[in-house]
Every structure is written in C-alpha cells, then in structure tokens.
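First chain A sits with chain B, and in the next complex the same chain sits with chain C.
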Partner chain A sequence: MSVTHDARVQVRPATAQRPALRGWPEINNPAAWIVAVILLIMPLIANGFFLIEIFATTLILGTMALSLMLLAGYAGMVSLMQLTIAGFAAYMVAVFGVSGNANISLGWPWWLAVPMALALATIFGTFGGALAVRTEGIYTIMITLAIGAAFYYFTNQNWAIFNGHTGINTVATPHFWGVDWRADIPFYYIVLAVAALCYFAVEYVSRAPFGLALQGVRDNPRRMAALGFNVNAHRVAAYAVASFIAALAGVLQVWNYRQISPGSVSVGACIDVLIIAVVGGITRPIGPYIGALIFVLLRTFALDFLVKIGLDGNRFRLLIGLGFLAIVFWSSDGVIGLWQRWRQSQRPAANRAGGGGRGHG
Partner chain B sequence: MTRFVERHPAWALIVIIAVALALWLIFAVWPPGLEDAIGRKRVFLNAVFNGITLGGLYFLVASGFTLIFGLMRNVNLAHGSLYLFGGYIGYAISASTGSWILSFIIAFILTALVGVLLQVIVFRRMEGQDLRQTMVTIGLSIVFADLMLWACGGDFYQIQTPNWLIGPIELPLITAIKSSGEPVYLRYPLVRLVIFAASAVIGIAMWLALNRTRMGMIIRAGVDDRDILAATGVRIQVVFVLVFALGAGLAGIAGVVGGTFQSLSPGEDIRFLLASLVVVIVGGMGSIPGAALGALIIGLAEQLGSVYIPTYAIVVTFLIMVVVLALRPQGLLARR
Partner chain C sequence: MDSVAQRLSAVGAGAALELRGVTRLFGALAALTDVTITVRPGERRAVLGSNGAGKTTLFNCITGDFPPSSGTIRFFGEDVTHFPPYERIRRGLRRTYQISALFPGLTVQDNVYLACRGVSRGRFSFLRPGQNDALMHAADNLVQAVHLAGVKDQPVAELAHGQQRQLEIALALAGAPRFVLFDEPAAGLSPTERQELVEILTSLPAHIGYIIIEHDMDVALRVVESVTMMHNGRIFKEGLPQEIESDPEVQELYLGGGHE
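Entry: the complex of A and B
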C-alpha cells in the first residue's frame, strides 16, 4: 500500500514546480495575459449565441468541473456529486427566490435567496463529503455516485419542494442598478468574474498551507496523520470548499437557463462533469475550463458535424464516450498532459525527463 | 452467528425483536386496530413479497458486481449496461424463438462473452490502477448506453412470461377473515416466486461453489491476497477472466429477469447500477452473503417505502446507506 503511494509521489509532475510556489505563476506567462484579454473583450468579438451558449456555458461547466478538480487533483477524492451540489443550489435559488411556480417559490429577493442557496448547498455538500470520507479511494466514487443518483430520483418523486419531473420554470434573474443582469453582456461578465474568482481561489488554495496539507493527505494519509494533521478534517474541509464553488456555478446555471428540472441533475450529467475534468486534466485548475470548452463545442456542433459527414447526428454521446475512453487510455492527464508531452518532445534537451507521465490520485 | 451475539448482545436483541415482529406481522391475523392504523394486511403482504422478490433481482445484479470487485478491485460501473444488454438479448431471443429458458441461457453466454472481452482487452492492460479502470468503465457505460439506444430505440420492452408461469398462486398466508369466518388467503404472481426461488438457488450455489470447491478456494484466496496467490503458481489471469465472465453473465441473467417482471428501457442501466452500488455498500464490498442481505434490505425498503411514504421512498433507501456508512463503513457483512 505505502509502496505504491511513494511511487506515485515521484511521478507527479505538477507539484514539483518549485518556483511556482511563490507569487502567481500567471504573471510571467504571456499566454495567460492573452487569454485574459481575449476573455475580457469577448463581447466585442462574439455575438449573443456564442457569448452565452458557448463561452458562458463553458465557464459555468468549467467552474463545476473545477470543484471536482480541487477534490480529485489536490485531495485525491473523485467525487461524482459536484453537479448534484450545483443542482441543489440551483433548486434552492428557485425555491427561495421568485419563479413561475408561485405555490413553491417563497419569493425572497435574490440577495437573500442566493446566500441561502449557497449556504444550504455548501452544508449539503459538506455532509455528503463527511459521508464519503468514511471510506477511501475507489469507494468515494461509488458513494458520491449513489448520493447523486438518489438526489436525481428524489427530485423526480418529490412534488412538494422540487415539483417532480417538470421542475421549476421561469426563475427570476437579478435586476438592480437599472441593469438586467441576465442580458447577454452583463451576464457574461458576471460569469467571467465568478469563474476567475474561483480559478484564482483554487490556485491560491493549492499553494496555501491548507492546500499543501491536502496534497500531503492525498499522497500519504498515514504519514500526514503521524505528523499530527487531522486527515479527515482536511478532507471534509476540501469538500466544503469544493461545494461552495460548485454551488456558485449552480446559481449561475439556474440564471442562465432560467429553469431547473431533474434532467439537469441526472446521473448522466453528473458523469459529464467528471468527463469534463478528466478530459481537460485534473492536475491544474486550467484543465477543467479546457475540458469544458471541448465538451461544449462538441455538444453544440457535433450534431451538425456528424450530419455533414453523413452519419447519424444523434450519436453525439457516442462521440463523447469514445473521446473520453481515448483520453483515459492514452493520457491520464487529459489534454494538458498531451500538450505537455508534445512540448517536451519538441524540446529534446530532456531537462525534465519523466515529467508529464501517468498517475493521478 | 454466536460470536456476533456474544460481542453485541444489545444489537442481537434488537435484531431478534425486529425479526420476531416482522414474522408476527406476516403470519398473524391482524387485529382491527392495527388495520385502521396502517392499512390492509393484503397491501402490506404484497409490499413485503414484492420487496423480497425485488431483492432477489437486486441480488442477481449485485452479486456479480461484488464478485468482480472482491477479486479484481475493479468497480465495474458498466455493470448496469451489462444488465440492460442481457435484457435486450433475452427479449430478442424470447420474441424470436418463444422460449423463455433459452433466452436465459443465451443472455448468460453473450454477456459473459462481453465480460471476457472487457477483461482481456481492457482491464488486463491497466491492472492495479483502480481509478483508471473505473474511469474506463464509466466511458464504456456511456458508449454501451448509446449503442443500445441506437440499436433498440427508446421504447419499453417487456419479455413475455411463459404460459406455465402466468397467473397468481394462493399462498397459505391469511390476509383477512371474512365476516362469515372464512379466511382469505394471499394470491401472488407465480412467476415472481419462481424467479425468487431461482435467484436463491443461484445464490446458494455460488456460496457452495465459493466455499466447497477448489476453484472457490482459489477465488477466496485471490480476494484476500492476489499477489501471493499468483506467486503460488495459480494462473491468476485465467481466474480473473472466469470470474469476470461469471459476474457479467449473472448481470445478463438479471437483465432477463428484470425484463420479465419489470420492463427494459434506456435508463434502466443506471437504475440497476445505483441499486447494486447501494446494495454492496450496505452489505459489504466483495461479500456474497453481504450482497444477499443488502439486496433484501434495499428491496424491502424500496417497496415498503413506495407503499407507505410514496414521495420519500428513495430517501429511505438512501438513509439506510447513510446509517450503515456512519455505523459500519465497511458494510454490514464485510470482514474488514
């Protein structure tokens, strides 16, 4: 047991970058600045469809997957319930706020409903995490999947709070300072701001003492326990942080679609979040966003593309599944891993041999 | 058993009282006050029997899942897909030949074959990397689900029950006393009882095979420590393939059973995957008796829950899982 743990520590590339420990690594990276500028001036380039359906959706899904990346990459716990937490927050916004289903919604203003939803979803996720950390490794997937599936079936059955399989429709979106914040451009900036906040928060956490302890727990829980760290408390705290991030994404999602139904918290959707994170790569916070972009582009254009080359357009999920299988087979670091490997093969100096290899928590 | 009583006298007492109460509820003629409080006895008995037979079905699915996990540490999240695949095969065979028994045999063989292919082509290449294996099974379940949707469409299918099993049978359980003093007996569909008996036979046969044969001894040794087993000269890869074939084949049989007394449609794969997950979490991973106990508990909870608290039935199942995880995280009957 401990032997394999030690072996895994040595092949892990992302944590070995010593200089990145101080300061923000983005500051010296021109690519990061270019991406940031492009994202900021996006409303000048893209029209409403691209802005919301592609980029805002990517950022929302990416933020959900980011919460999974935080758990899987830094704490070694693959949780399939991140979408469930987001969906729970979305439901809570609909239940406490204003919606078309007046018999269910309490009609609170958004600035009360949203903190309530965030708090409840964080509690829900932390509770689920506290259950999941009772067991280890592979069991975590099973328990979180069971929680996600149970929540899906529960929302389908329950009419008093979740309005059964029709869900809650025409959820109100915030209006203040004379701006309709669900109009395309303001909404894009809200989403961008939240995504950036979450991204930098996760990156900060990964270098803060808490995040370092978490990575220690991932690599060798026994040694960390011997050093006096409370292993389970760190894990539950990681779930709490990840739940909050997922809940933020959930609030944005319900504003985006203006409705929430059990279909959006189905097991397939839970697994989609895992696919996004794994395809993008779960060793760095940027991975989930790359994965989300690929996923959203595929989801939006695969149908047209498949029809164009003479295949059945409904086989989009087959394409996603095969792509996911290919990524899992050949690169356990996702697209980031592929890219790193490609860059290394371009640079035959081999100053960092053995990096970018396999092995994630 | 005796050790359990010695070590946990309080728990043993609670279990004995619960079992006695359940037996009394099933066999006794209910006093009028009780019928007023919780409804007719016929409804209760039907729910109990539905729960037990559903538990039989869950056991068939979950036993393969837990067997594969126990030996290979492979959480096969494509297990639900194997169930649905077996069901569709069974439907095709029974619709074309009209033979119900034949559909079981062919479904078993074909799903076992898929299992062998999975083990040989996919899982053997990533032995020991359990997280990666699990990811692969997730990808496979997506691909399988879409392929089956492609081939069979989104319709509901139900496998025809053979003629000799159609119709109810009268059981020697009194549901009520008529005003004339004549007892009313419970009538229950024969096919469900036969299927339950068959799954019980399969379960006992598996237990005997695991505990009384040489092959079973090898498998149990593999569950405990497969490296040492391999070092003693057992061809462990062959054992892996056989166990995977058996587990997958059981899922295929369960698919035919599920197609007979429920129906087959896209989404059933996830439902039965969830059922087997909860069953093995409750019963204990890798333990066949655990799977049986877990399946019984979950089946009963689901059916009784859907009769007495309809909108919260799934929460009961979930709460059972939470309580087990809180009190005994390794599962009720797991050794470790």
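Entry: the complex of A and C
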C-alpha cells in the first residue's frame, strides 16, 4: 500500500498537463508515435533472436506486469499471483490443446483450447481475488503469494493433469490461413497486437467509471462505500479484469516456449513480475513494459557482461537486485517517475530559453 | 425559517431517521448507550456534546461504517440496521467526515463525478463518459455550487484546506440526497468560509433534512431548527436551539463558564 501511496505523491508535479490525460495523451506525443512505428517495423530491423527473445518476451512479461499494475496502481492491491494466473492459462492451453504428452492433452484445436484457458484462468484469478480482498496491504500480498506457492507445488506433484515436474512439452501452436503463427515474424505481430490491445484497454478504462472507481477505492475505500460503491465487488472485478490480461499473456508465453513446467510458475518467477512492475513504475500502464524491457535486457546480457568483468555469469540476478534496490531507493514510482521528474526539471529551462515556444502546437 | 411546529405538521408522521435503543460497544467501552432519536423528513438538527460524547459514533452507526451492537435504525421506514453502508447511501443517506475523506490522487471533477456515479447505475461501466454525459453535467453543477469550478482539474491533494472542506460537502450532495449527516463541516474554516458554509446549508432544498455536528454555535444554531445534546454516549437533552442555549444544565455541561 505504501508503494502506491508514495507513487501518488510523486505524480503531483506533472499535473499541469492533467486535462490532456482525459483523452488519449499518446496522440499528441511524438515520442509515442516513434515508439509505435519502431515496434511495427521491428521485423525489418531486428533479427529473429532480438525479435522473439528480447521484444516478444518483453511484451509478454510486460503484459503480465500490466495486470499487476492495474491492481496495484489503480486499485491499491499488490497481487503476487499474476504470474500464477498466466501460468494456469498456459497449462490449460497445453492440457486442452495438442502437445507431445498425448496422455494428458485433450487435443482440442487452439481456437477452442484458448478461450477455455482464458475463461478458466480468469475464474481462477477471480476466485483468488475474492479471497484476497477480504484482507488489506501485507495480508493481500501473503494470500496471493500463498496461492502462487501452492500452485507451484501442486503442479510439481500432480501427474494426472500437470504432468509433475517435467511439465507439458511440445505444445502445438496455431497454423491457419497457410501461416505458421509461431514463426518469428507472425508471432511477434500477434504478441504486439495483444500487448497493444491490453495497454490501450487499461489506459482507456482508467478514465471510465470502472477505472475511476478503482482509483477511488485505492485512495479511500471507506469513503467509496459512503458514496454508494460496493468496494469489495469493485476489487473482485479488478481481479477478474487483471486475471484476463494475465491469462492472455500466459497463452502467448506457452506458445513462445512451446512448453510449460513448474519452473515457469515458481515463486521466484512470481516475484519477478512484481520487480518488473515496480522497476518500470505502477502509476501508468507504460511502466510495466519499460520494466519488462530492462528486466529482459539484463537477464539476456548481464551474463556476458559479468563474465567480461570476471564475475560468475549466473550472478545476473545480482545486477537485477541492485537495480531494483536503486530504483525503489531513488524513485518510488520506477523509471517512469524518474523520466517524469527529469522532464519536469527540463521544462522551466526550455521555457526560459525558448520564450515559451513549445515545439509542436 | 419555518417554525419547528409548522415543519412537523407539514411532513406528517413518517420519520426520515428513527433510531431505537442504539448501543455501540468498543470492547468494554460503551460509545453509545440506548440512543433513541426520531428525525422527520426535512428536519434540520444539530447534535452537540463535548469530545467523546458519541456524536461521530452516532453517525458511524447511522451510515453503517460501524454497525450498532444493539438497537434498530430505520431510514424512511425501512429497517437498515444490517445494511452495508453503500445500500444506505443508495437509499438517499449521505454523510461528510470530520477529517476530509477525499480521493487525493484524483481531480476535483473526478471526485465529484465518482460521487454522482456511486448513487446511479453504471458503477462498473467500461465506457468513458462522453461530452453529453448527464452525470458529468451533474458533477459540473455540483462543483460550481461549492465554488470549486476554478480548480476542477486540479488533483485534490493540491487543494487548500477550506477547498477540501467544500469538496467534502459536494460529495455528500451528489445524486438525490434525502438526508445528510454533516460531521463538523466548519472545522478549520476561516470566518468567510464559515459564512459560505452557512449559505450552502441554508440554501439546500427544503426536503433535504440533515443532522450537523458542529462546535461553532454561530454556525450550528443558524442552520438548524432543533438540537440534541449528547453526553457520555447518551441523549442528554432535546429541544429548540434557544431552549438548549439557555438551559442551565447544558451551559454547565457543555458551554461552560467561558461562553459568556
């Protein structure tokens, strides 16, 4: 809770542009257009490794962290089970769809298996949320962590559905219209489309009654009840929406790796999602994606870097940990908070120099 | 202002708010003991009493923030004793808080919009309000009514104390209130702001009744027609403002020697 509280305080300096936030701030922002174009033409620039291992993975992890951002940033609830929900959806795709483990997979076509997986994972997450909303603050974290840990150990020990510690391998990916949608370029565009959809949906809903009500619940749940809102119903609904987003990311993840095993839903991986969201910043939907990019870049390249300076390459988590410490120490609202404050400090200088002339207008 | 008798005869027998034997315990401490109050629709009443007399606990029991330990609460004839707060609010009950309970991360406009949305349908709507959204207009009107139109796009965290108190009132007047509980609305206000507060309260439509907790007698006695005096969690005395003001027991207990 204190994370979100501090974040709120930090947002204040940027309020001069508040009215613009009512609509779509991206439309007037040239940087956003540049990022959009780069993302769209990425297959022309990047090779398969970068396209999938860096950018698609970033977008998938970012979407998982986006579901946490929705809960923590708007509704003030820190959930550690977002990766568990994604993992549950991934398992369900493997169980209902086609995989190398024919004794387990039911062999449904992907267009039946995926909606089933999304529905079941959303129900699972909503049920977990209904338990978690009975508590506040640290107890919410504990309950969701307990759900995540329980799911991890359950998948390890259950062979009938989850195939124990070996997991489910060679999960089939969609082929239709003559396209292998798991080939690097088509898969990148699927991931990009889902991530963009989730990002804009969260951005849109944040200004709709549902999103405003969540922010009201975050700021003062008691007053929300005194305004006629059923606070717990809103919290559970937030879990339902966040679960659906996490489940979408989970489906993409199982298509990405073509397998799912307990290692993918470990407690450590659950905490990674929290780190991604906090490092990026949970005050705005873009934060989780920035956090995911930093996380993926560190995870991929820190190894080489560490070896180069004479350390054990497996210590890449040390770098992530130090980065996490630095971020929460200097900027409680993550990288986007740093960025906003830097912009803020630049603006008066620019206004003085340019006589108030502000670029595009 | 009409006399109490005129008001009472005009509204008939149905009570807006009826508390019977309401008791609220906090552990062994009885914050309220056997409180029985009847307030008629449109009636405006002050609740006076020293700190710890149980005034705010009374409000919390009426709104359901803390349910009473025993006793019944009826709101326009309906037994709401076991209703959650939001069900009572949707029936036309409103309250303000002694310490402003606002949404500091949202703008003034969004605060008021939430208040309007809370007592109407579409609380879970995923669609942004359009240009001609009726509730947006309602929110605009309320923002103007409490003189906050100039700061409506500012986050509440940036408002001055007096503006926050005005917003606190606006949130309680959203939708179609039938009865409002004002918990020390003048706390921390300047004399000018107190005058504005009195104007807001006296200009409320006559069908909206309220109970006001207020230590400032200049404010309290100008905006009410009846007074309930509380002491140690019990009803101590009820009457017209001038009766209470001149009652020697009340003076002894509450106004003290320093009032003259």
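The rule is short, and it goes like this: the second predicted complex is superposed on the first by the 325 of 361 C-alpha atoms of A that agree within 3 Å, B and C clash if a C-alpha of one lies under 4 Å from a C-alpha of the other, contacts with A are read in each partner's own complex, and residues count from 1 in each chain.
In this text, a residue touches a chain if its C-beta (ideal position, glycine included) is under 8 Å from a C-beta of that chain, and two chains touch if they have at least 3 such contacts.
What you see is a predicted model, and the numbers here were worked out from it, not measured in a lab.
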Request  = In the overlay, answer first, second, both or neither for which of chain B and chain C A:G228 touches.
outcome  = second
Message = Contact-wise, after the overlay, does A:R284 reach chain B, chain C, both or neither (first, second, both, neither)?
response = neither
Message = Which chain, chain B or chain C, ends up touching more residues of chain A in the combined arrangement?
response = B
Task = Classify the contacts of A:N158 with the two partner chains as first (chain B alone), second (chain C alone), both, or neither.
result = first
Query = Regarding the shared-chain residue A:R299, is it in contact with chain B (first), chain C (second), both, or neither?
reply = neither
Remark   = Per the touch rule above, chain A residues touching chain B in the complex are 4, 78, 131, 134-135, 137-139, 141-143, 145-147, 149-150, 153-154, 157-160, 267-268, 271, 274-275, 278, 312, 314-315, 317-318, 320-322, 324-325, 328-329, 332, 360-361
Message = Give the list of chain A residues in touch with chain C in this complex.
response = 8-9, 11-12, 15, 18-19, 204-205, 207-210, 212-213, 215-216, 218-220, 222-231, 233-234, 237
Ask   = Residues of chain B touching chain A in their complex?
value = 73, 75, 77, 128, 130-132, 134-136, 138-140, 142-143, 145-147, 150, 270, 274, 277-278, 280-281, 285, 310-315, 317-318, 321-322, 325-326, 329-330
Key: Of chain C, residues touching chain A in the complex   = 63, 65, 84-86, 89-90, 94-95, 97, 101-107, 110, 113-115, 117-119, 122-129, 153-155, 157-158, 171, 174-175
